[in-house]
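One structure, as structure tokens, below. Some questions next.
Which chain is which? They are A, B, C and D, in the order written, and residues in each are numbered from 1.
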């Protein structure tokens, strides 16, 4: 009595009790019913690890104490039983090691961002991805929002004309106080360069703003001029970043990412202006895309299955009719959905269409390093060099 | 190699290709990973039925051509294998028959609303529920939103004082044109009294507004005075409803439900005013609860894991930190989550706490019949009699 | 050295220190520079009267202790010196007596609403207006907002098709507590039937909602079914009103007016839905008119000089380019501006186009009396009879 | 029969037919009834000049063909008759010459911004102001909004703690096309360096954003790093500006001013974040000030006479109860009101408290020149030197 369309078996590395992002991954993967969790190495803490596995319905035998062991053991299982996909939701420093080993062992990988701790590690990983016959996806979740695709499509099809100005901002407030000192683990590891990498805020959320800007404006950032800040005594990594930038096809813009905008939640927002109109999208109201054009009333394109103004890429990323809010988990589930299609062979090659891959990771890493280099220097502009 | 915490096995009645609400149920059930779909009788159309089952990963043998057969066959399976829960997502006229039979056969039931086609049928079903040893839940999804619970808790704890006025509105626009004639199946069956019941708009969405008002204001509606309308030639059931009402503890109010508010999506909204302040919540921005008090700036209580102003009932219905939008599927998943806890025996009795049950169905049915009776008469007020 | 275009000389009755609405009238009249204040009878309190006049730059001789004396004395002045227009900003019971006498003495009248205390008085006043050769205007200020005119024009020109449903609401919160007992004079006289008339909230703001609904939907209300409430012990007049209504050309609707919606400020709002689309306008964001149509993204028509989508009636009621907020005083100034044009003879007859006149006052009074009659009876519907 | 409190007699230089800002000045001055227009030199075009004067009720004899003649002639009139105040609403290049001469002739001056065409001219003007015994005011209208004062007061009193980050933006869209070539006079003179000065967008609206940032954050900008852009072939002056900046007391920030943000109206906006909370204000919804604090729901402080949370400086800049929108003209009228009080001797010295003066003009000019210098260089940071 086997299922007609078998689910994709996935194993988790990281995501013991208390880690919100790991739970979000599991919920997102569960949303469309194409994945099943079969194993995990959730925590180095044995009790946490076992508890997490049991709560998730795993047998003790597939709740591994170590991710290396998990890869080894699963590889030894029969093909129809072993995991097919490794989801990586650890602190940053493990992303690349786990990914490399998993890919090499024949597993697909879906990793939290960043892909690696630094550029050298990332290039090595990119090499592993290329040589593997497996898929690599990166959880740039905001690129899973349907109205982000709609915005990009409108830019691409010339609705707003040639892009002139891009304003992208991601102001958070949760690091306004020294929450790491108050016991917040998420804040603590993010401030350790050996676990988080060289970027603080610029890595954690600046890269989201960066990839969103390049995705929607449909052109790469080429030069930037940045200012970083640290606002808590003893904090090692930046908690605030602002920059000017110039893009490849003539647009210029501003990027703001901060974790000391006291009281702000998560209002990632992008505005793109061309010579014929402008677009505006905010994560906190993801169903609305504002479109401004000359001599026309402002229009708000709302999401929803069946809305006639939506492009195909946006439509296929929706589940509900207009007016039924979809949110962050649905955006992440869109990445999982596309990844599932790619894994199941509906497409070929190293990339899962619609899923951010290693090259976005590479650009993000180059971005972080360029920002830091520029910040430390006296020159105005630094070129963002990245040849994927 | 069995799972430590086995998932709840569910079977679907209804929900062949194209039915958005059935898909929403499956996604909501999948979100928290506590359910697995094991069988279904999705459509009377054999091909649709088989295709749906296959796409969902079911083997042909558990894809039943008839819901009666499904109940019969599943009952005969071993305890550890057979479904435990029947989810009913058919047109309205089948809700009560399927539920009765499923309960009688020993299965839990989670049903789309309304619970039954009319009051008589509903009372009979209530009797079956009472005699069964099984749980019965009703998908009044809006009661699954966390900030709706927050609002109710603030009313209950006296934050806004004694409730004086309630304004609840649910204006949709999708029946502004004769979409049934244009081939819209959802619109078509909703206008057939034999499939939909005696209420059109008043049954389809008026009951949502009604249950939301009673839930948040925490008191029942006792008298009402209603005006119904039909705006398309040949349409049999009402497509527009407005009413005045008086509640048990002294509040009065207005309820508006319409499907001919051209261009509106799904902006269910409730405002409750007491002698110390007021609350406002809208489904299209479900993360915000507006609180107005005397001599205080307007406050917006935002949802999000860990927000210190949230009551426990609201907090436990959230998955993500502030600023990560959660929506309709998450609200429905909250009902599924509470239902799962009840099924797994963490609570006892016929009701799953947090899940709307047969009595809410009963009040909804009494509401529909009272509205129609009042609308047809010349008297101003009609009492809403309902003794659960 | 006389001015080329002489200003219209106006005298005020009422509006001593502390009366916000009188000050608003003076500011609105001053905005476009077509009026000058030449005299007043501001208060029965002699000191308040003199102080007010002095603060406004009036000489003591034209600061009258009594409105009868003012009319008499001004009449005796030379034509080029005496006032031309009487502005009435007293409590309600003086509106009709002052207006009648002023009109009879040959002065134009611009009166705060209501035009009179009851229907009999109003009909008598209407008679005076008809026999006089003077203009009579009523400060239904909300009808001075440009986007209200835009909405009406869009209804009239068929943009939203035949009107089906109208929802108008005016929820205030300032009478949620017994502010009259706390010394609020505005609240105190409003609760005295001999000064305020038979309607409380229904007269004070219900008539605004009523006239706005008829104005925008462009059809009269014919039948209504109402519920009034009083929420403070000892309060004599209603502080809360809700009603269902039917209009002459087939639309139906809901009107909500309340002064016990705790915490609400002044969010007068109207929604009108037709068979081709819908419109929505809110006083708190008066520059935006939301237009919903089938198969089109939601549009927001913004006000502003030169916006190409605006009708002439709206355009001529604006002063500033888009994005420069105009508000309540500008709306009132629009009434004054049209009144000035009419006084200066650019139009003829008893009505100043664009300025609400005696007939709107008459309908408002009929509305109040019909609401109260219906509220007291057991019949569902009461006809609103009013033959101007 | 003289007025008890005589109005302040003002004369206009500039503001012939079609100039919106001049009309706005007259409306703002008229709002509170403390000024009267007695003369003007509205246009070099004789017919326009005479028409404007006549339409405003001026006699031909005080409608001067030349501003020098106006100053000369008015000076010769009796003290109780001649103008007291010169309002300058010409293109930029005349601001300083007219102001200097008017001050020297003994008149107060209220000038549109900028105070002068360049720094040298401005310093000379400042010298004239210092030596005169007259008042000089600058129409930085946005500093007249009451909630801007509320924001500053909350910063000053420590409500949000030490300021860390300031984001100020002023994106307009009206120069997205070559409207000057299409006959738009406002656009045309703004692009002529000899009439507009060295700054385009940065001078026209960048200075507004700049002065707002310094005013609300209550500290000067010390260093900046800027990027300017020109987006229309043949346009001489910048139409787009973005910059990073550092302030004197440790805050840093971003300033965006653009006139090519296609479709944007006038949404000047400022956000200020400190170590205890944040504030946000937008000109398009000027009645609301958003206040975010730790562990507190978001608060929206609404404007309105009598709101208990308002500081005195904000309260005295309001005219209407909450919920009655006040806008741009009211903000400008606040400057006029404070200027009137100063002229009437209620305060002494060269400054009218509450009215931006020559030093704000000086800083604005230094800002423009610093931005341009930085933009042209390769160094990252340029110090903004300005010693008023």
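To be clear about the criterion, a contact is a pair of C-beta atoms (placed from the backbone, for glycine too) under 8 Å apart; a residue touches a chain by one contact, two chains touch by 3 or more.
The model shown is predicted, which means the values in this text are computed figures rather than measured ones.
Novice: Farthest from chain C by Cα centre, which chain is it? Let me know.
Specialist: That would be chain A.
Novice: Centroid from C-alpha atoms only, then distance chain A to chain D, rounded to Å. What do you get?
Specialist: 44
Novice: Rounded to the nearest whole Å, what is the centre-to-centre distance of chain C and chain D, using the mean of the C-alpha atoms as each centre?
Specialist: Centre separation, chain C to chain D: 34 Å.
Novice: I need the residues of chain B touching at least two other chains; which ones are they?
Specialist: 264, 291, 298, 302
Novice: Line, ring, star, complete or other: which describes how these chains touch one another?
Specialist: Graph shape here is complete: every pair of chains touches.
Novice: Which chain D residues qualify as touching chain A in the complex?
Specialist: Checking each residue of chain D against chain A gives 160-161, 164-165, 167, 169, 171, 173, 176-177, 225, 227, 229, 231, 240, 242-244, 246, 252-254, 256, 258, 260-264, 271, 273-278, 291-294, 298, 377-381.
Novice: Quick check: in the complex, which residue numbers of chain B touch chain A?
Specialist: Listed in rising order, the residues of chain B that touch chain A are 1-7, 20, 23-24, 26-27, 30-33, 37, 53-62, 172, 264-267, 283-287, 302, 304-305, 319-330.
Novice: Quick one: in the complex, what on chain B touches chain D?
Specialist: Going by the criterion above, the answer is residues 291, 295-302, 308-309.
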